[in-house]
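Once you scroll down, you'll see the structures, which are given as structure tokens.
Two complexes follow with chain A in common, the first pairing it with chain B and the second with chain C.
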Partner chain A sequence: MSDAHEHHHDGHHHPRPASEVELRARALEALLAERGLVSTDAIDAVVELYEHDVGPQNGAQVVAGAWVDDAYRERLLSRPNEAIAELGFGGAEGDNMVVVANTADVHNVIVCTLCSCYPWPVLGLPPSWYKSSPYRARVVAEPRAVLREFGLELRDDVEIRVWDSSGEVRYLVLPMRPAGTDGYGEDELAAIVTRNSMIGTAVPVAGEAAVA
Partner chain B sequence: MDGVHDMGGMHGFGAVVEPGSEVPYHERWEPRIFAIQMLVGLEGLGAGPGGRPTREEMDPVQYLAASYYERWLYSAEQRLLRKGTIAPGDVEAMMARLEAGATPPQHRDPGMAERMRAGLASEYPMDPPPPDAHFGPGDRVRVKRMRPAGHTRCPRYVRGVAGVVERVQGADRLPDRAVYGEEPPAEPVYSVAFRSEDLLGPSEEPGWTVLLDLWDSYLEPA
Partner chain C sequence: MSATRTGLAIVDAAVGAAAPLPRDNGELVFEEPWQGRALGMGVVSLERAGASWEDFRRHLVAAIAARSPRDGESAATAYYAAWLDALEALLAERGLLRSAG
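Take a look at the complex of A and B:
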């Protein structure tokens, strides 16, 4: 039991008794490992992939690329999978990407009311609120009230377009480049592109670095 | 199926933004169960409909009470049980062993880790839009009234409502049949835009648009 993950399992980082569901989850892993059906290193590989390599930092690069390069923006909107692959991103839950661009008159928001479908290759695994019952229930029915909870107020004449990911398409919001970023390089731009701004529950703000 | 997972438009769930709601998970077992559910699929360890339709079959009270990855744990276990990869009682027996202080068994297989990475890097795009799609951009369509007993991608809140096709997204097998192992022919899938007034009636908020991806079988001309 020298493996770091087993320390987690032992409660090293969670000094409390294991809940029933945690014990059940650990037992399922142990059972399948004992029978040689799933490998501990394959599980580790998936966890590490989504904790380190696949996350909103990828989408932020895509957005910044579209902000600085009109030709890339055009490719991103017309052939999104190819344009995203140019930056080295792609894979499960990104099979059919569609990028929806915010404008002065249109604000896009994504949701999956039936499940919690989400564009993993560009945004990683979804935040808890995206998977929550209230978000899935409410954002199609009272989008402005939901956006207000996130601190986002939109003008009454802005059309809100809520994309319910009911099929196989996964959506990414291309936010507008904020004012005050004229001197920014591509990396500085990527640093202000928050995950929520690519879901549509926020907009990027100059000088406000995205929280990792 | 018309279960509690079909949440669009429901009341009573409370606030979206809560303390801790910004992170994908809170406990280490959660991403590990995510990985196990993916491995159950990629390694062919489970049977029957996939993880998503299986989660929809959860008892509704249990579904609402469960956390997101608890539902994934449920679907992984059910799929393993269906195939006979594990037997009833196996998980409980291991729980008892762990509670008694047993060291959790581990298994190393770099090949499986490699297959997993390759699987997660693969993409399976829909077929291109067919030239003979029933509807095209600008066409008015109405979602059929229906009450499917099995998996569907046609949420309740759009049924019976008219909208406008914005584009043809591609062609794909109807999930209502495909998730149960049938092989129906691919059919057009449309991005359909609905006005909020048509979906929900009057609202205190200025009107908005809701767009869904809907298979041809769900739609009729309006």
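Take a look at the complex of A and C:
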């Protein structure tokens, strides 16, 4: 993925008038506006919304689904792409998902050491710290210390597994269902599944609503 | 959100894997403002015209297949050019682009 972030900064494109397709776009917008089918404001609002409309809610539903339904959990772990698609999530880049489940003895955490590959169809856009060099380097070298900085204190005998994402494989952590959630419905459960708990830098806590 | 009833997830699901929106690690790629406006135009006009995303996808897939790539054209430019073709075709099919009178 890192190559995709390379841009050409060495020299200008020739200044040019609006391209043919750009003129077409403008003409169509003017026509649709005349027909009352669009307005500049409505289009602006959609673009604005879409540029920010990504969050971890999809992943939270996947996790809650796995908590309430053992069969779904099994499908999620064995055939993650299909299981995630069952809930209507997925995308070209979300192919080759791998779901890693936390247990009493194993805690999983994800990183992309090369750049910022991230399971965006389920988690939305990565937080800035996920893309930062310190996190990318340190979570591999000293995961326990990094998790402690996130406020996550794990028992010494809990094994920490760090999963390095790539353009080909993206990981999602399936956290353990916290104690004290027996009476929760699926939506209530999804509401406590935080983004960080699906990255592995936190664990869900009963009664603590996720903040996107 | 009052801007639209159509969330991005709905658009993603509608265009499907056959014609996914151009992205870079999850973020929508708009190389030039007209590309974002093309997307917004589609969402708003389909909603207001009561047209279905399934019809739009059919037109989009056809438009992508029918379009021959131009020299030096980026993937996002090609995609949103096809998007405009599809939107025009769909609205024309519903008689919404005919000149008044």
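As a working rule, the second predicted complex is superposed on the first by the 155 of 212 C-alpha atoms of A that agree within 3 Å, B and C clash if a C-alpha of one lies under 4 Å from a C-alpha of the other, contacts with A are read in each partner's own complex, and residues count from 1 in each chain.
Everything below uses one rule, namely that a contact is a pair of C-beta atoms (placed from the backbone, for glycine too) under 8 Å apart; a residue touches a chain by one contact, two chains touch by 3 or more.
These figures come from a predicted structure and were not determined experimentally.
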| item | value |
| --- | --- |
| Which of chain B and chain C A:Ala71 touches, first, second, both or neither | neither |
| Touching partner for A:Asn58 - first (chain B), second (chain C), both, neither | second |
| Which superposed partner A:Val46 touches (first chain B, second chain C, both, neither) | both |
| Dominant contact partner of chain A by residue count, chain C or chain B | B |
| Touched partner set for A:Ala179, first chain B, second chain C, both or neither | neither |
| Partner chain in contact with A:Gly88 - chain B first, chain C second, else both or neither | second |
| Which superposed partner A:Leu32 touches (first chain B, second chain C, both, neither) | both |
| Contacts of A:Ser133 with chain B and chain C, given as first, second, both or neither | first |
| Overlap of the chain B and chain C footprints on chain A, listed as residue numbers | 1, 5, 21-22, 24-26, 28-29, 31-32, 36-39, 42-47, 49-51, 90-92, 115-116, 124-126 |
| Contact footprint of chain A on chain B as seen in their complex | 5-11, 13-18, 20-36, 38-40, 43, 45, 52, 55, 64, 66-70, 73, 76-77, 80, 85-86, 90-92, 94-95, 97-99, 103-110, 112-113, 115-117, 119-126, 153-155, 157, 169-170, 172, 189, 191, 193, 199-200, 203, 205-206, 208-215 |
| In the complex, chain A residues that touch chain B | 1, 3, 5-6, 8-9, 13-14, 21-34, 36-47, 49-51, 81, 90-92, 94-96, 98, 113-116, 124-129, 131-146, 149-150, 156-157, 159-169, 211 |
| Residues on chain A engaged by chain C in the complex (per definition of touch) | 1, 4-5, 19, 21-22, 24-26, 28-29, 31-32, 35-39, 42-51, 53-54, 58, 88-93, 115-118, 120-121, 124-126 |
| Touch list for chain C against partner chain A, complex | 1, 3-4, 6-9, 11-13, 17, 20, 23-28, 30, 32, 34, 36-41, 43-45, 48-49, 77, 80-81, 84, 87-88, 91, 96-97 |
